Each structure stands twice: as structure tokens, then as C-alpha cells.
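One chain, chain A, appears in both complexes that follow, with chain B as partner in the first and chain C in the second.
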Partner chain A sequence: MMPGPMNELVEDLPSILASSVVSSSLEANHLQIEVRKDALAGMAAHMIGHCHAWLISEHAADLRERDGTFHIYVIFALPKGDGIITVMSKVDGSDPSYRSLTPDIYAANWFEREMMEGFGLLPSGHPDLRPLRLYDSWPSGVYPMRKDFDPSVPVPRVPTGYEFRHVEGEGIFEIPVGPVHAGVIEPGHFRFSVAGEPVINLEVRMGYVHKGIEKLSESLPYPRGVMLSERISGDNGFTHSLAYCQAIESIAGADVPERARYLRTAFSEMERIYNHMGDIGGIALDTAFGVGAQMAYVLRERMLSLNERITGSRFLRSVNCIGGVRKDIDMSGKRSISTELIGLKLDFDDLVGMMTEMPSLLDRVETTGMLSDDAAKNLNVVGPIARASGIDRDTRRDHPYAAYKDLSFSVPLYREGDVYARMMVKIEEVLESISLIEQAMDRMPEGQLCAKVVDVQAGRIGMSLTETHRGEAMHWVMSGEGRPWRHKVRDPSFLNWPAIEVAVMGNIVPDFPVINKSFNLSYSGNDL
Partner chain B sequence: MVHDMIISSVFAVVQALAMLALSPLMIGVIRKIKAWFQGRKGASIVQPYYDMAKLFRKETVVSDQASWVFRVTPYVAIASVMVAALLVPFFTIYSLGFVGDLIVVIYLMTMFKFFMVLAGLDTGSAFGGMGSSRELMVSSIVEPTMLLAIFTMALITGTTNLSSISETLAISGIDLVRPALFLATAAFFISLLAENARVPFDNPSTHLELTMIHEAMVLEYSGRNLALMEAASWMKLMLYSVILSNVFFPWGIATDLTVLGMIGGIAAILVKVLFVAIAIAIIESGMAKMRLFRLPNLLTLSFTLALLAVTSYYIL
Partner chain C sequence: MFKFFDLGVRKHGVVTTRYPSEAFVPPEGSLGMPDVDGERCNMCGRCSDACPTGAISLAGRKVTVDLGLCIFCGECARSCADGGMFMSREFELATRSRGELEVEHDVKG
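Up next is the complex of A and B:
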């Protein structure tokens, strides 16, 4: 790939960091650097500040059985070229603490809270160590992600409380919303502090749909892990399972057939279209524009039935398998996809024309829920939300997988950062997706659907990034005996949830639902 | 004289009951038309009757934090709209107009609103309080607008009795039509949308608590109490539509006791109310809800229209 710049990166390290490097290796486009634990924060700050890399994930693995340490992995993506950097550090099992990255890299905040409650790794200097997902009555000192935690033994409940950020002042009220909402949506708690209608502070509390996906995955053989990954966040089951499969395939060195790559691309885009339709309809519905909402929902339904006709599953379940795909698109399937897409595009153009030319709707979405360029960068948001705030990132282009490398598409970019920009990014992405599916259909070669993957060696690391309709998802697998030793899932929503707290600030309470809808984040994907 | 009063009283009761009976139908028709615009079949137009029957059978849960205000509000609500209905001409000009005039009608409605606002605050839920404060923000501009708009009609006809306004206009026909009439109609129609929680002021079909105005106040009600609150709200919409029809465009209303006149009156009011329902449905399908803080702009506009109506009466 690009060994030059990646090697230079290690050579160019400032001497103080260079002296703390234990080892480094370069495999294809993946640079791995092991540093001493006291230099982890400095190295991470260097990657962000000097190399302008994006933080992908920060997570730990419990390897105390092997070498008596926890391993912390901080993963970055280089802004140009398909380069991934993993900075790894070992933390001794007897002293599980390290210097927090959060003071330098705000986006590390939730990752470190997650590691704190999962592994008991204490980030010193972290400003906020409240639990992220585990329920209030979880006893302290019980760390479910450690290998010596036995999930079959019930955990005693200890009554404790959760402190919300508290805003005081004359006329400041708190509005608790959720976790049970009036609509059929997932549970999450929103705590508003308001002065009249304007929101002074919003705190999002998640964790109500924590299912222990990562722990569960450690007990499931790889083929069943595919099923599990489809269920991490229901509406992007295909892209999540794709990331899982690709991670396993990269460990096994499997060669996925060309036809399967094109099919995966087509299915990913079909998933994106139906989700974006739902989001666009949701924005219309939340501004009480029912006609637009129903038009969008009809289009969404047409995509879902197309999915069912082609794969037998409305939500593209059980399509992915390790090594390729299970479902083929034959000639008649191709015909029915292209006819459906032509009709869909025409009707979608009508809808878009109506929504973008309606003053009352535009008045609601423009300047609402602004997420500034700076805030978006610091919070490290991904997906359409990032692209609406001027961050030009798209995994399909920057870290191409499946057949994206051979197809041409553009990445819509807006700078306003408001609900309107997010809506427009999604609208334009639908059109790109339609074109991508058509291109994939045209160029798809004949051939096998699935390569045999038998030998997944233990003790290796595989990682894959895919672009779900919400943004970049990461699956990181450290292989064990026939099943993952550690499986880290990073859903795009995990990075984007903190951004909603910033975007809502200064808006009025009745505008929150439409802001929330324009983000449309996954609760399940975040809570795992 | 006594004979007239008895006839008026009988008609007033019949008409009030007819309005109550037809109000769910009006809601059903609005929903049906909206569904057509959205490309859906939509529920049957009698669905609101089923909903009402269902709610009356359901258990009523009242928060233990709630005071008597919360319990008494549904009855105050239904009582105030029913009393107001007695004072409003429906298919005939006969009503209890000699007991109370338009000011009484407006303030009966305000009493309904006042108690609903208190009930919203009473349970101490965050949403109820938000709904109450928003409702009062809206109604502080709507109330004078509505009074001014109807006063315009009172000026034109020289009486504040709603029945007399209808009668005078219906009999004298085209002679009394002035620009003021249309300005006042526009102002009153905007107030009707605001008072009845319709788009662009409020969204009657939303589930989003944070955006609600009217629904937020009745969020804590259930069972029979909810049924009464819903019936009162539907009746209120009916009442405003009837006032719009009969005070601003009373032509067709039965002004005597002939059978033909009655049939004509019934047909006329049904057509007029249907027309109002269609107008509401079209507005709700064709535009998004406004931002909360833009509502005063629209409300001030309607107030200005009403003010112009009054001024133009004296100038033109």
C-alpha cells in the first residue's frame, strides 16, 4: 500500500516518544506500535495533533492468562491514504491503571469509561468516571469483561445512585425524558436542564439495552458470531456482520470471491437506502409534515420488500457468511432490482423536490441543532453527521472494502452542521447508493459466492471497518480457539451520541425530537 | 315571549346535543382527508366514536400527587363546552343567546382552558408543565384576537348576541358584507387553528411529548377522564367551526320554524362545517408545524387582521 509514509511516521517520532517505543511492525497498510504504558497518552496525542489521525477505537483485552497484563489498543486512521495505526500498551494486571487520554483527546472519554467498567482499568486524570452502561445497582469491583468473570453466576445488586450533571440557577428546571418513550423507539434517558424553553444542558444516559454482546461473542464459534453481529443494531445488521466477517477473513487470510465482493457492496447499499428513507421520513414526521413522511415510508417499504424478494429477508439477515455471501442475485433478480430502483428514484425525486421547496419545513430544519465543524472534529463524529459538519470522511472511499474500490461515487459534504445539512447529506447519499447498486450489478463477474474458510489461527488480530448508514463501524477480533478471544465492536453511534448533547445546546425543547431524528442514532449499537 | 323562550330553549338543547354527537365525526373526517393526502386508506370516519366508547370502558388511573383540580377538570371541561354550545346557533338561529352573549361564550372556553392548564401543572409531571406554559403563551395573543374578530361582527350587526348576529346577517344578505367581514374571518380562522391545537401551532397526531402543547396537558389522563377531555376538545373544535360558519357566513341558517327552512339549515351547516374540516386537513397536509417561538409571529398577524377589521369598519 503506502509503506513509505507509514515507516516515516515511526522515524519522525519526537525523541521522547521514540525512546518509549517497545516495538513496531508494518503489515500491508497497518502499522502497529507497542509503547510503554506511561507514553500511551503522549503517543495518542501525537497521532491526533501531529499526524491529524482520527481516533477509531480505544479498547482493552484481558491477556493476564498469557503474560499477566491487560493490553490497551488505541486505533487510529490516517486522514490520507488507507493507513491504520494501532498503538498498543501493556498494563500490568496487579496495577491496572494508566494515564487517561481524555484530557488530550476528548473523544476518548466514553471509551475509557467503557474500559473502566468492563475491565477495571483506571484512567488517571479522567474527568468523569461514572458508569456508562451497567445498571446503577451493579456492585463495584465486578468487571464483566475480564476473563475470570463468570457470566453464569448472578451478580448481587447493590443500591447506588447515578449523579446527573446538575445545573442550578433561577428558573432552571430539569426535564427527565425516558427511558421509556411514547413512540416505538429504543430506550434511553435524556435529562434536560432548561431555562424556559431554551436547553441549557442535556445529558444522555445510555445502557438500557446493554446485552453483553462482546462477552457473548467470546463464547460463540465464528459462524454463529455472524448471526450475533447481525443483531448488534438491527437496522444495520448487514454492514455489522460484514465487518465481523471481514475481520475473521483477514485473520484467516481468506480470499473472498470477486462476485461475493460485488454482492456485499450491493447489499450494503440496499441497506443504506431503506435506512436513509426512514430517516428522511422521520424528519418530515417530526415537523408534522405527514404527507412527506408517508411518501418516504412507502419508499422504505418498497426497498424492504425488494430486499425480501432478493434475499428472503427484509432486513438482509443471514446473507453474510465468513468467506462471502449466501445469497446470489440472478438475472431476474438483477432485472427486478433495476426496475425497482428506477421507479424508486423517480418517486424519491418528487419527495425531495417537495421537501426542499417547502418553506415551512425548511424553516424548521435550517439552523436547528447546529454541530460546528470544531465540535464535530473534537468529538470525532462519523458518518452523515460528520459529513454534514464539513468532515470529509467516508470509510467506503478512505478504507475501501468489498468492491468499493472499483466503483465510482462521490461523498456529499455540507458545512452547515444543522438538521438541514444532515437531511441533505442523507438525500444525496441515497442517489449515490442507487448508482452504486447499478454499477455493482453491471460489473459483477461470474463466480463462486463463498470461499472456504477453515483455518482461523488463534492469537491473531483482525480488524475491519465498514460504513453503515450511520457511519463507520469497527469490528476488531483477537482470535481464540474456534471463537474470538476478544471481540470489540465499535458502532458509529458510540462516537456520535456525545455530539447530540452539544448540538442541542441553545435550541428550544420542542426542536429536540427533530434534532434527535436527524442524528438517528442506535441505542442498541451503543449499548452493545 | 315565554313561548319564544321555550322554543329557543328546546332548540338550544337539541342543537347542543347535535353538535356533541357530530363532533367526533368531524375529527374522523379530518383524519380521513389527511390520510388520503398521505396516500393511506386511513381509519373509518366513525373511528373516534369507537375510541370514545373504548376510553369510557377503560380503567381510570389518577396520580396520588394530583389534587381535586385534576379530578374536577374533565367535568369542568365538558360542562363549559356544553353550556357554550347552548349559546351558539347551529342549524337554526334559535339558541339561549338571550342568556349570554359572545363574551360569555369566549370566557366559557377560557374557563375550560384555565382548568386544563391547572390540571397540566397539578400532577407535577414535566410535560404537563411545559404544555401549560406553552398553552398560555399562545392563548395570551389568541384571546384578544378572537374577541376583536367577533366584535367586528357585533359592530356590523349592532348586537353581541350570537343568534342575533346570525339572524341579522342572514336576513339582510349582501348589504352587510364589508371588507371587515373577510378580515375578521381570516383572523378568526387562524385563532381557531391555534385554540384547537392544529398544525401549524400544534400537532394533534404526534407522540413526541417534548413538542406537544395541548396533548402535554392531558397526558396524565386516562379512561373516563381522558374520554371527557377528548370529547370536550373535539366539541370545542366543532363549536369554533360552527361559530365561524354561523357568525361570519350565516347564509342558509334556518331563521324561522318552517320544515323546509330547518332542512335547509341542517344541510347548510353540515356543508359549512365539512368545508372547515377540509380546510384544516389541507393546511395540515400542506405544511410543517412552526417553531414554537415563531408562533407569536403568526398570532400577531392574526391579531393585526382583527384590528384592521375593526378599524376598517369605521373607515370604510
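Up next is the complex of A and C:
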């Protein structure tokens, strides 16, 4: 799309970095640069510091069978235009270490811990090498993402402990919360340190729902991978499976029918609406505005019932397939969607009017759980949380997929970074989503639903970004024989969880639930 | 002060349903329990091959669907050419034991 600036990017590299480039190639909007391993950290720092790029992912693939090395991929998105940059480095299998990116790029922290426990790639200079997802009793030296790891053999347990960060001093208390919580939510451990009421430290411990999705995907043929990706994180199954399908379609060079692209857009937005309704209801509930919360849940239920009437599944499962979609929206479906959306909009306006005028609610949400612009940038947060902290990023607009390029919508942006801003971003996004569905249904051409995708060549890389209701999700697939050789999933929650540790700092403990609701992060998507 | 009544009962009346004292019928096309039409099934086994979780097994003149493994994706019904396997709208599937989740269907002919 913008080959000029992308080419210049390689030419303009400082000489010390330029000399370490092994090769570079530009394909459409995707620039791939291979650098020597000692220059990986420098190149990444240059991309962030000089090109102001966003870190999308840092992950590895085990290619020791082919060339005796692990490949590390660091993926960036350019701030303007649709450009994607992949910086790749080979790390010798006999010396699996590299210079850590984390001292320069804080957002690389969890990615490198993930590679450490999955592949045994040691990031030298990384400040915190505790495990991220595996059991405390996981033996050292067993790396589940390596190709020679056999998932069918049980792993022996070695009793070890996990060191939490401690704040010590007179009158400082530690409050452990979870991993089992009240209510039907997912498991995660929160360790608060408090001085009186204010929280002075929070540490989030994840990994309780680690299921080995990425490893499992390597054993599943592509059509079954769609079903697996629908179940990565239950409430954004559609956008996750869409990202997976698009990644495979890009490898196969498949041409998705126009009608399917519009249907995918409409379904993505239907998913966003019911999820945002839940989030808005959650904020109302945690600020003791029960009537509003119930109203939001009624609206959410109406959307879920609509999903079931249109697709047969309340959570839009079994809709995506590689090459298109399986479910059509016929004339009567269109009518029932527009009737439902009109009713939804009227009732939602009532609810929003009430919520934004209710002093007891505003008092709780304003200036609560502040995530500053700077912190949001450094932590590389995505989605509504980023847009509530002044970061103007939306995958639907910046890296358009499905039919988003042909539809008009605005991206709500707030700068306050508090619970109120996150609530307002979600409220405005619901209205945009309603308009997007209406536009998609108006412009949807007649035609096929699904293209035949037969030839998925081995050894190629496909990548796709989609905007879930939580933010940008990435699926990156390196193809093998009929199934992925490596499938990397990056859920938006993986980038957003560390931000909640920052956002609760200085807030009182009773405000944590409402801050948590305004983030609404996925445990399952994070733990994979 | 009581403006919020407008959100609730005053404007919308009662929105809850009387389930379970009144039956709930899911909309058409809803993905419920996979069911077998004994008249139409010809024991070809395509549903069993299509099932991603291996929930369907064929033996003798019987098709067994293990609802404990089923993920309600509808692949079996999609693979069936004869309409023998189809997704019913049945959703009340709780049982008192694991064994009862294995539903046997007799196939005629």
C-alpha cells in the first residue's frame, strides 16, 4: 500500500544496524527484515524509538529440524498507513539465548517470559524471569513449545515456589484474592499490598487456565483449527476465528467472496455490541446502579437471542470457515436485525442518559483507575482501554479487513484514562457498531458465501489482525503439512493485563472491582 | 428522583419469561442436541469422521452420540447427505450420571 516509505525505512537505518541486516523483502504492505541475533534488540528499539511503531508480538518458532535454529519474530505496526514490519532473527539451537528487548521496550516483558518457558530461549538482561503460565511445579528444562516435546507423556512435578513482589513496612498488609473468585468468572490471582485503604502494589498472577492451545493447534488440520480458535476466549470467538481464517486465507491466496466479507463485518459488530453491553452493565452493577445494570443485561440478552435467531448460536460459533462464512443473513434475517437494532438503540439511549447523569455513578467512575497516556504507550495497551487513554488506534481503521474499508465509522477517543473514559468509549462504540451493521446490510452484494480453499502451501507465513471488543487480536500461522507448523495467538488481554497493575495504584481496594470491569480482560485468551 | 423507574417496569413491563414452568422453544436453526432420524440414516459414518471431538460412534444398527464430548458445532449434520443426522433444538441435556450422556439411537432398515 505504501511501498515508498517502507523501502526508505531500510535505507535510512543507522549504519550500525544496516550492517547487521542479513536480508529484507517487501511484499505488499509487509516488510520483512532478517537481522543477526546480536542486533535484534537494537533494531527493535529503533523501530519503536525512531519509527514510533507499535509492538504487536514477539514470538519464536522451533525450526531446528530445518536449519538447526529457533526463529524469533518481532512484529511491529507502523503508526500511519497499513504497514507491518517483521524483524526476524535466528538463534542457534545449541546456544538458545539472545539479548532481551525488555530493558528498552517494556511491553516485550511478558512475551519474553512466554518464550523462555515455552522454548527455553534465554533473554539475557531480562529483569524478571519467573514463569508466566506453567504450573509452579513444572520441571526446569522441559519446554512444551519445542517440537521434540511429546504432549502425550505426562510431565513429572517438581515442588517449587513462586516469589511474589513484596512491599514491606509498618502497617502494610497483603491481601491475596483468587484464583477462585465469587461469581462465575475465570481464575486469576491478585496480590494486593495496601497501606490503609489505598493499594500501593498489585501483582497479577495468570496461567490458571493454560490449556496449550498453540501446541494443540499444531496437531489440528486447518478446518478444525477454526473450531479451536472459536474457543480460545469464549466471548470473542467470532473475531478470533476470523483472524485464524484470514491468516490461512492469506497463505493460500484465497479470494473471499464480497458477500462473506460484509457478513463477517456484521457478525463482528454484533459480537462487539453484546460484549460492550455486558461491560457497561458490569460497571453499573459495581457502582450499585442495579436498575441500569439489569437494563444493560436485558439488552445483552436481546442481542444474544438475535445472534441465535440469525446463526443458530448465541455466541456466533460455527459461523466462520476458511474461505468465507457458513451462515447467511436472508431478507427476514435482515428485517429482524434492523427491528432489533432500532429497539436496542432507543432503550440504550435511555440507559446511557441515565448513567451519564447519575451523580452516585459518576462519583465512583470519574478519576478512578487512571491509566495515563504515557503508561498506556509504554505498556502498549490496545482496544478501548488504549482509546480511553488517548491512543488513537483501531485495527478496523488502521489495518482494515473484511469490509471495513468500504464502510464509514468513527473511532471514539478519550484522554482521561479513567473508568469513566473507558465506559464512554464503549458506549460510543456500541453506537458505531449499530451503524456499521446497518451499513453492511445495506451494501451487502448478492453472491457466494464461501470460496474453496484447497491449496495451503507448507512453509509459508500468514498473519492477520482483527479488532475484538477488547482490542487487537493477532493470529500468526507458519504453515506445515495440512496443519500449522506454528500457530501464535496474541489476545488483546495479553497486552492489557500488565496495565491493570498500574491503573489500580493509589486507588482504594473497593474500587478494584469496578476498575477490573472497565478493563474486562480475558483470562482464557491470556493463558491460552 | 425516581426517574430510573422509566428504565425498568414502568416502560418495559415484565421482560423475564416463565421458564421452566412454561416451555421454552429455541428459534429455528438453533444448534441443540445432535439427533438421528432412524428412518433416513444409512450408517455411512461420515458424521463420525466429521466430528472434531470423536463424540459419534457407530456399531451394529446403533449410532451413539456422547453429549459429554459434543461441542455442538454442527459438523455432523453438515456432513450428512441423507438428513439422518441433524441438529435438534433440544437444550435440556442435564443428566444425573456421565453414562446417561451417551445417547443411543436405533437405525432401521
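Simple rule for what comes next: the second predicted complex is superposed on the first by the 528 of 528 C-alpha atoms of A that agree within 3 Å, B and C clash if a C-alpha of one lies under 4 Å from a C-alpha of the other, contacts with A are read in each partner's own complex, and residues count from 1 in each chain.
The rule is short, and it goes like this: contacts are C-beta pairs under 8 Å (C-beta built on N, C-alpha and C of every residue); 3 or more make two chains touch, one makes a residue touch a chain.
Predicted model only: the values in this text are computed from it and were never measured.
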- Based on the superposed arrangement, let me know which partner A:L361 touches: chain B (first), chain C (second), both, or neither? first
One more residue to check, A:L122. First (chain B), second (chain C), both or neither?
neither
Exercise. Have a look at where A:R309 lands relative to chain B and chain C in the superposition and call it first, second, both or neither.
Key: second
- Query: When the two structures are overlaid on chain A, which partner does A:A18 contact: first (chain B), second (chain C), both, or neither?
  - Reply: neither
Q: Pick one for A:E197: touches chain B only (first), chain C only (second), both, or neither.
A: first
Task: Classify the contacts of A:I175 with the two partner chains as first (chain B alone), second (chain C alone), both, or neither.
output: first
Would you sort A:L26 into first (chain B), second (chain C), both or neither based on which partner it touches? neither
Comparing chain B and chain C in the superposed model, the one touching more of chain A is B
Open item on the list: Touch test for A:D286: chain B only (first), chain C only (second), both, or neither?
Closed with: first
Figure out whether A:L351 sits in contact with chain B (first) or chain C (second), or with both, or with neither. second
Contacts of chain A common to chain B and chain C in the A-superposed view 289, 291, 294-295, 298, 358
Residue positions on chain C within touch of chain A in the complex are 3-8, 11-12, 15, 26-27, 29-31, 52, 71-75, 78, 87
Given the complex, residues on chain B that touch chain A span 34, 37-40, 126-127, 129-130, 133, 199-200, 203, 205-211, 284-294
Counting only contacts in the complex, chain A reaches chain C at residues 224, 227, 231, 289, 291-292, 294-295, 298, 305, 308-309, 311-313, 317-318, 326, 347, 350-351, 354, 358
So, in the complex, the side of chain A touching chain B is made of residues 173-177, 181-183, 196-197, 284, 286-291, 293-295, 298, 358, 360-361, 363-364, 508-513
